[in-house]
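These notes open a run of structures that come right after.
Each of the two complexes below includes subunit A, the first together with subunit B, the second together with subunit C.
And now, the complex of A and B:
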């Protein structure tokens, strides 16, 4: 068991080291094989470890890291059902993305760097997933942040990409700071950083401590999982290559924050206020992301805002005391979002780098019929149309909010249902524009779609299957709730509240109808139509508001970036140049002026030296004789 | 001792001052060396006078050393000047200003 876990972590790490040390010197083909094999090996180990563990939580010390006084940071691995589900998910998606990358990135330089960071990305995510010690988790947390920075800025010579990478790195650091403080509070409270210990002794915490830690954990998750108000980095992270986007959105980056909340759920649940704030942040983020996705032009930005929205749903589920539902939605989102991103990658490659959905159209559907089918499945799943996995996971989250005793959650339920409607609307707007749009004003210059390599399409099939039929893993009927039962041994994770069958079916049918209405609206506004007719558009002010993501970037720029720049300019000009530097250069100039005067003494004339010698000697003797000293 | 000690000191001081002024003011190397010799002898004079005044032989013995040092100094100095003169044909101290800062 221990060796399985070791190999699970070591495969991607060794893969990353191989690319870092040997990748450039050896053949490109070898890099690709090593990268894919490392992650595939990791996937096999994750599955094997899950089978061997058999649903029981197991904790292993892997390595001693350091210990100072009472603070012991050992690299302990915990492999319980929650970690097992996540590890299998992460390695599965990552393996497909690696395979996709081999073809997608075949014409790009810097392949050793690319595969190195891709493998390390998976390694650090697996560290987060399997860590028991909070500091070990923090190591993975920061490593994931660094790898995302390196991959978003893969084309770093272009200022736009480099800026996006820096932005992602800086914004996620805010969450990291919150997590660091939370770890410190945990240590002062428990004298231990083992999450297993913490979750089983969470009752020891005082009420104030629980609230502080709960809010800090939420802030940490908001940074990593792009929840409001820290969601601004995710849409810009689209600057990276498309497979990286798929990896970030489905498996290795944004799920980390949600996973942290699930891991430490027994602490979070103790504070009703923190739970309420979590649920509210989730609901508002879901609505925000969905609305912003409505007006985007870039196919990847639509999907990015959609991820923001879906992450909001997961957190909403956790806040409504259904962490298993949150995890279920995490899985479902991972499947259909990876599917949509990889399909988008196929389309982008086929159109030789075109991202603008108003320049795509029916030609794409004719050129790529298989991608069209897979994209449709992904879109249906995202729009929560039965019987896709997206329907079951979202239905469960909404039902949990409705059955929650607090009236507050009824409001969140309304927001959630509204978001479901908008979700169906934006995803089918995207779908119709990409695959059915006739030649509009911008389409005349659109590039001709070319064929794509079949391997790219093959990687979509397993994801399409899971997005369509994955709901079987946790059906809300009878004893089909395999995921619920599998996760039972994990502290804090259990089945949702019981609801009366009539309410349950009412909500379920209602959700399906809402999703279908959304699709119908999208069809009316953007569906196939005669070539001359222009698609519907919203008023400009509305369009701009949504397109810019409610001006969130501008707000940050106005209230954070600009004051910071002004403070920096003040410190640089007034304090540094005007103060510190002035003192330094002033004293230097004084010394050099004095030395100019002293220089006059060294005339090179012997008589001067003798005269000075005699005068000085005389002065000394006079002082001694008169007893002045 | 028939000469008062004060007179000896005054004469020695006068000689020392003259030697110092000669060494500092003249530019010819030979004259500077002579100034230094006069200063050394002024010091020797004080030693002799002091020895007689206090009736000890230490001062007189010291004068022998001073004379030896002065002779050696004059010998080495004159040889140096001789070589300098041969190289540049110049005995003016101010011509040698390569140490000027």
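And now, the complex of A and C:
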């Protein structure tokens, strides 16, 4: 078992090191084979370890790291059902993405760098997933941040990409600071950093401590999982190559925050306030992401905002005391979002790099019929149309909020349902524009779609299958809730609150209807029909608001970035140079003026010197005598 | 083995004097210096693997020499090597070898004197780390100034003379305060016990009134604080670093700053425990303010070397925090952080030096898109920059997390602020990385990547980064007994008495 876990982590790590050390001397073919094999091997190990563990939580010390006094940071792995589900998910998506990359990136230079970071990305994510010690988890947490930085900025020659990368690293590091502080508080409270120990002794924490830690964990999750108000990095993060976006959005990055909340759920749940805030942040983020996605022009940006929205749903579920539901939605989102991103990658490559959905259209459908089918499945799943996995996972989260005793959650349920409607609307707006749009003013200059390599399309099939039929893993009927039962041994995770069958079915049918209404609205607004040439109008303020993601970037720029830069300039020019240094050199000048006076003493006459010497000695003796007295 | 301590200490100086005889043959100077520093490094390694903490001695000492030197004044030739000293001289010997290698080509002019200055610095710095007698300590403390002054003043960049003088005046002012306080303590101790002496174990035994203790501690703090440097007295550092030749910057950042923190650790706090304990809030504030303040200042700098120099102040601010907290975890962290800072900052200075040799500029605006032209250089740069911002798995993280976790035990608020401060470090480092490495490809950028000699300098540093980052156990074990002893000394009650008991053996 231990060796399985070791190999699970070592394969991608060695893959990354191999690329890092051999670097430019590496043959492209070998580079690809090693990278894909590393992740595929890791996937096999993840499955094997899950089978061997058989649903029981196991903890293994892997390596010593460091320990001083009570602070012990050892690299301990914990493989319980939660970790197993995540590890399999991460390696599965990552393996497909690696395979996809081999074709998608075949014309790009810098492949050694690309696969190095890609493998390391998977490694660090697996560290997060399997870590028991909080500092070991932190290693993965920061490592993922760095890899995302390197990959988003993969095309570093363009300042836009490099800026997006920097933004991702910085914003997620704000979350890291929160996590670091939470680790510090855990350490003072428990003198232990083992999450297994912490979750089983969470009751020892005082109410204030629980609240503080709960909010810090939420802030940490907000950084990595792009929740409000730290969501701003994710829409820009699509500057990276499309396979990287798929990886970030489905497996290796944004799920880390949600996973942290699940892992430490027994602590979070102790504070009703923290839970309430978590649920509220989730609901508002879901609505925010969905509204922003409505007005985007870039195919990847729509999907990025949609990820923000779906992450909000997951956190909403956790806040409503259904962590298993949150995890179920995480899985579901991973399948359909990876599918949509990879399909989008096929479209972008077919159109030689075109991202603007207003330049796509029915030609794409004709050129890429298989991609069209896969994209439709992904869109249905995202819109939560039965019987896709997206329907079951979202339905469950909404139902949990409605059955929650607090009236507050009823409000969140309303927001969630509204978001479901908007979700169906934006995703089918995207779908119709991409595959059915007729020739418009911008479309006439659009590039002709070309064919894509079949392997690219093949990687979509497993994802399409899961996005369509994956719901079977956790159906709310009888004993079909396999996921719920598998996760039972994990502290804090279990089936949701019981609801009356009539309410359950009412909500379920209601959700399906809402989703269909959304699709219908999208059809009315953007559906295939003889095209009326609309005069180009200036976008109104509502469109601007949505397009810019509620001006969040501008707000940050105005209230955080600019004041920060101004403070830096002020401190640097006025305080450091003009203030502190001036005092220092000023005192130096004062000293030299004094020394001018002192120079009068250097008369060159022996008698003066002797006199002064005598006076000095007398003074010293007097002081000594006084001291002795 | 006892002779070994003296040999380690003076071998570089002897080698330096020998180099002066070859000063007409720069190449021979280089090889002799390299041989001497390597031999010294090997000797330090021999001491590491060949000694253990002495059984019975509570302070974890491994070796010591204690001989009367100037009996009339009670001055002793007292060298003491414990875990902390060993780690520090290991760092010194290691960095010195790299300094010699790093300046292999860039120094052609007056090479003999240059290498003499480097080697003399090694002896002086090691003396600071080994001295157990306060007078001897002070002697080495002032001795290190002289070769560095010439290193900056003779082989530095255009504005070198001003920077050298500034450095000298700041250091001298601090040193004079220190001297006055040392003499004061000596006189008070002598008056109380009738035994006049400077040895640490003697002076520990002094009873001081609160006011006197405050004044003396204040003088020590200022004297050491200038060197560390603690924030309001830091303004000499950016100039000195920027104008110094690469090896000078490495010595300044990697070693000289450490002597200040080491002085506080070894003498400042243990000699004046009450005053030190009372000044903790002030020191924490200064250290943390430094972290934020420097993050802001560094963001506006245009000179690459200056940015790295400012990052030094910020990292050392964290060391001050670790010292102020003074428990086992934070102290270990502070010492490890000194070593880490020595490694990463030296590496960054060396990289900037390499860049400057090729591009003849240190301005950030003059470079972009280096990744395309010099991929190996860029890889190293990114690696060490990530180490400097405390990415886990690399060395600085270990020091930072130990300091902050130790801080959390006593001063949670300071720990929280510290974590936030570390985020800010990332901002200016990413600006640096982004401006240098990323951006459009430009064929006018320097294109000759790292040479083998440069790789020979950078690879050991990179390995050290990984070693401390992933497996700091051996280093921490080395420190453990000494650090535990020091932690008891100030925090616990009656610690001073234990110390005297163990010291007198």
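To be clear about the criterion, the second predicted complex is superposed on the first by the 567 of 629 C-alpha atoms of A that agree within 3 Å, B and C clash if a C-alpha of one lies under 4 Å from a C-alpha of the other, contacts with A are read in each partner's own complex, and residues count from 1 in each chain.
Quick note on the criterion: a residue touches a chain if its C-beta (ideal position, glycine included) is under 8 Å from a C-beta of that chain, and two chains touch if they have at least 3 such contacts.
Keep in mind it's a predicted model, so treat the numbers as computed, not measured.
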Residue contacts with subunit A in the superposition, subunit B compared against subunit C: C
Can A:169 be said to touch subunit B (first), subunit C (second), both, or neither? second
Quick check on the superposed pair: does A:105 touch subunit B, subunit C, both, or neither? Answer first, second, both or neither. neither
Which positions of subunit B touch subunit A when the two form their complex? 20, 23-27, 32, 93-94, 96-101
Quick one: which bits of subunit C touch subunit A in the complex? Just the residue numbers, please. 169-170, 187-188, 191, 231-236, 293, 296-297, 299-301, 327-329, 332-333, 369, 371-372, 375-376, 379, 386, 391-393, 397-398, 401-402, 404-406, 408-409, 412, 415-416, 419-420, 422-423, 426-427, 430, 434, 437-441, 470-473, 476, 480
Touching residues on subunit A, where the partner in the complex is subunit B: 599, 602-607, 610-611, 614
Would you pull the subunit A residues touching subunit C in the complex into a rising list? 20, 23-24, 64-71, 73, 135, 138-139, 141-143, 146, 153, 156-159, 162-163, 166, 169-170, 173-174, 176-177, 180-181, 183-185, 187-188, 564-565, 567-569, 571-573, 576, 580-581, 583-584, 588, 624, 627-628
